[in-house]
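Okay, so subunit A shows up in both of these, paired with subunit B first and subunit C after.
The block that comes next holds the complex of A and B.
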């Protein structure tokens, strides 16, 4: 029985279908990148069970199988065929390595898509920076600045905001009810002549603004400006309502029971127990042109916990790897006085190296063995 | 013995064809060729003046020479005319546009020729500038083809105008005299320039000040538009780092600031004056500049001479002809003089491959880089890898198929390379992200060899397809060999394209922390890997037999072409104009041709007993 199941699962038909399916997905996703950014495309095609088509808003029809199903099938198929075809036998070692490597690559790729965080760190020359920011995720923060030694930040991730419930936190004297949540919105000033009556009176700057919901962005270089209307409650008694938005700059605050909290919706921050100070950013161009020749950032890494304090030069193809995070030279701005690092935390970053070496070595071994067999036959 | 002699003769003939020295009719012509060798800094790179001339002509005219109703000029001759005789150059039919609406706008809707002289378009210049400025604001993806074309035309006009003023201001008639006049005026005006008030100046003194204003503004203008820096200066002891480049007008500005004029400025002034007067003295003047370089910057001159020579040989273009000739010999060998023609074809194609390799080595030495640095060189290298692979197959199978495919692939890829070279500087600088000799020589090389592999498999399959139609019996006899050749090459292509893709991933991980990012170029490489893996698994599971294998190998040509060129065209959209539009057209045509060839495999052909007996 089990043998039969394994035989079925090891079927080359499944391999052929999965390979062809991936071929279609890769081609299709490449073509759709003319309109959409990589991030969205990746989600729609590879981190999904189905490819959906929305002919009109609100209706979604699955039109093709997504990367997760093809990937899952392929994993089963690979395991089964290793067992069924006894690839672990010495004669088939080449193929064994190829398929084990591929298995690791698929599982590793899937896992790291779940575990990786990618953020950006901006530092001006002379500035010391402790945190990096997500370019997609947002957080609603309440900051208590009463302690002169350090601020106390209570953060609510956007995934919770999107659920639109009521949130409590032991460190907050009030609970937070999310009345409205917009994934992307634009704020405009309310005209004085406008007669529409404010149904929910808002505290702070929000009372003078109108929220215009927008479609979520699809291009990589654009950011969703998340926006929410929140009400603070104490025992179901409303303290007041606020408009918070990533599109909103002015500081808003609430004073309750003698304590003042700044509140804002901002790009999610990731704090490090160490800091980077940018001493110099260098942008070299080829003489007489605007073609960049090289970018480099000279920084001081300061980590009191580990007792490290040293100079580091981060430049193209030479990132800084430190305590599980990798800092890459990504961009720059403000007349070459600001540097932008891509900060990647991927615990599995070494995995693709290992599986690729396995596959490449396995292919080589297999073809050499085959070539040897071919030569024997000729003789 | 006789064979070897024929072989040597073939190699000798090719060498003669490739490296034939040019014979100069006059001293002036010789001077022009020497002038073209002089090193300058242009677009961020040190290159010979001949390179500046060629790349500028390509941008302005999409050609490397200038044919006018009166004469035919080489690139160097043209540039010399532009900088020494701008009046005459203005009348040459130089600027190109083939966009009907642009021609319409210029007032020549019915003119057949696509070329216009600067003089004819001068009245429209302000309007062109305005239209181009308006179009420039729009995102390049959303421009109409007219807007794209007008921007391109405007850029050509500006490049020409800047070139004209890159040495001396365009209305100066005698450069040596101009420098002397400048000297005189400066000396004469020196006591006047610090005066607080102009009251009480004599007419002569006022005239001196006016003259000063006139010459200084000419120098200033050329200084602001010059795009060619011809004067190197040693600013630090380190010979490699310590050279700064300036234009002629920088030299003149030095004189205005009371600093000594660089010697080269004077030497160039003399040479250009002779050129202006078409005087035979020009050769001696240019030789003086060479002497100056040999004394002060011998290395700079040596390098730019090498590059100029490399341009002059134009090896890869000439190799197209020889590969083509090799194919003809081979096809001939099927008809008459079987043995003799075959061995001649073997010699010819192998020798051509040798010169192809030599060309790559020279290019690497000239640029001081691994062989593949841009799209152009990738075509040269894909061709090289393909020919190498096909020749290896020929050595192993000795059935003429490898040789035929070697010739075809060498011929086609070098034609592609030639068309890619028309985009401009083929030895251009690398952008910062790509600037890594390590990755260029590992990832890029393996991935391009992977391309070579899939093309070789595809072309063997194409040969099979036609062979089967023409002579089904013979093809059936050779079917096994075809099969093994294609299968082996697909394995090779899978291995190389996989390693190449992985190395790309590692590069990606090293430079921006993402091993795999699903970006179009990566996906293109992955498609080739997947396609080859599909071929192998389809074969294993019996989904495909011989014809299926051949068909998939041919479709592999499409996959590889998409990965190589298609992904570069993704962002361009339908309104593109110019080079990429043409490239897109050819890509589509290629894809259609491959589909048609695959469909030929569907024609049923059974080798009958009669055929086999015959």
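The block that comes next holds the complex of A and C.
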């Protein structure tokens, strides 16, 4: 029975279906990138079980199989092949390595999609930066600045805000109730003529603003401005309500039981135990035009933990690789006084190279083994 | 051998699940280096303000704030005016509502839509449409001058830039040419 299941799973037809499926997905997703950003496309086509079509809002119909099912089937197919064809035997080691390499490539790709973080670090000339920010994820932070040595941050990720429940944490003297959460919204000033639009009183700057919910953006260069209305509670007694938004980067604060916390909804931050200081940003243009020729950032890397303090020049195709993170020169702004680095952290970045070497070595080994077998037969 | 293979698969699955579980985000508490808190900034959904300009030499540059990405002062004797460039999300209040708000700041009564239309002029500069509004107060100040606002509004992607020249009317009138030349230097990076 088990043998029969393994035999079915090892079928070459499954391999062909999966590879053809991937071919369709690659073509289709590439075409989709004319309208959507690469992040959304990867999520919709390769990190999902099905490709969904929404003819009207609220209704979604699966129209094609997604990368997770094709990938999962291919993994089962490869494992079943190893077992059924007994590729682990010495004579078949070449094919065994090829199969293991392919498995590593597939599983590594999937794990990378889960474990990789891509953030951006913006530094102005003369500024020292410790953190990079996510372009997609947000965090609601309560910052206690009472310690003269450092700030203490209590960070609530947007995934928890989206659930719209009540959040408690031992480091907070109050609980946080998420009354409303908007994935994307625009804030406008309340006009003098528009009276009583706001039914619930808000503390801080929110009392002068109106929230206009917007459709989430799908292009890479745009950012959803997450917004929420929150109420702080102490044993179900409301302390006050605040409007927090990524469209608003304000210094709003709450003082409770003698402690003051700054509160804001901001791009999720990833702090490093080291800093980068931008000493000079250079932007060269082709003479007489605004077309960029090259741009580079001269930075000082300072890491007291590792005793590192050195000058680094980051420019196109010459990223800084340091402590598991890679800093690529990505963009610039503010009259060429600000540089933007794309910071990529992928713990499995070596994995595709290892897989490819395994596959290549496996094919070579298989060729040598077959050559030896052929030569023996002739003799 | 079969059981060994099953064991390997199970082990791989467990490691994978563990790694996936680690990815789950939760509330985090951490210490960060001291940071000077920033003032409020109403940002547009575009990540950076890729706007460039060249200011006239007689304009004195003032420190920027998070609300003002450009800030200048022009003085003529004891009279002065300030120019600010403020980015706001596109559609931050209708133009009519904004003009009436500025009129309110100059203690002028609000106008109807028809009256407002007469106040609004447009100018095409570097393939962008700049809206121009001029509002003058009727209340004389101590120095016998009146307050005036010369405002230009331009939209790029999801951001509307308000270029507001506000101050003594004699300074603004004499700097009007410079203001228009200044607008002509504004370029957006696409």
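Some observations on this one:
In the analysis below, the second predicted complex is superposed on the first by the 329 of 379 C-alpha atoms of A that agree within 3 Å, B and C clash if a C-alpha of one lies under 4 Å from a C-alpha of the other, contacts with A are read in each partner's own complex, and residues count from 1 in each chain.
Quick note on the criterion: a contact is a pair of C-beta atoms (placed from the backbone, for glycine too) under 8 Å apart; a residue touches a chain by one contact, two chains touch by 3 or more.
Keep in mind it's a predicted model, so treat the numbers as computed, not measured.
In the overlay built on the shared chain, the residue A:282 is in contact with neither subunit B nor subunit C. Within the superposed three-chain model, A:167 lies in touch with subunit C and out of touch with subunit B [touch as defined at top]. Contacts of A:175 after superposition on the shared chain: neither subunit B nor subunit C is touched. Shared-chain residue A:223: touches subunit C; no touch with subunit B.
Judged by the touch definition given at the top, the superposed model places A:23 against subunit B, while subunit C stays out of reach. Of the two partner chains, subunit C is the only one that A:331 touches; subunit B does not reach it. Legend: residue contacts after superposition of the two complexes on their common chain; A:129 is shown touching neither subunit B nor subunit C. By the touch criterion stated above, subunit B contacts subunit A in their complex at residues 41-45, 227, 229, 245, 429, 431-433, 435-436, 439, 484, 491-492, 494-495, 498-499, 502, 505-507, 509-520, 523-524, 526-527, 530-531, 533-534, 537-538, 540-541, 543, 562, 567, 570-571, 573. Against subunit C, in their complex, subunit A makes its touches with residues 2, 79, 82-83, 88, 107, 111, 114-115, 120, 122, 130-131, 135, 137, 145, 148-157, 159-160, 167, 169, 171, 184, 186-189, 191-193, 205, 217, 221-225, 246-251, 262, 271, 290, 331, 333-335, 338, 340. Residues of subunit A that touch subunit B in their complex: 12-13, 15-16, 19-20, 22-23, 26-27, 29-31, 33-34, 38, 41-42, 46, 109, 118, 285-289, 291-295, 316-319, 326, 328, 330, 342, 344, 346, 349, 352-353, 356, 359-360, 363-364, 367, 370, 374.
Listed in rising order, the residues of subunit C touching subunit A in the complex are 1-2, 5, 9, 12, 16, 19-20, 23, 25-35, 37-50, 52, 66, 69, 89-93, 97, 100-101, 104, 158, 187, 189.
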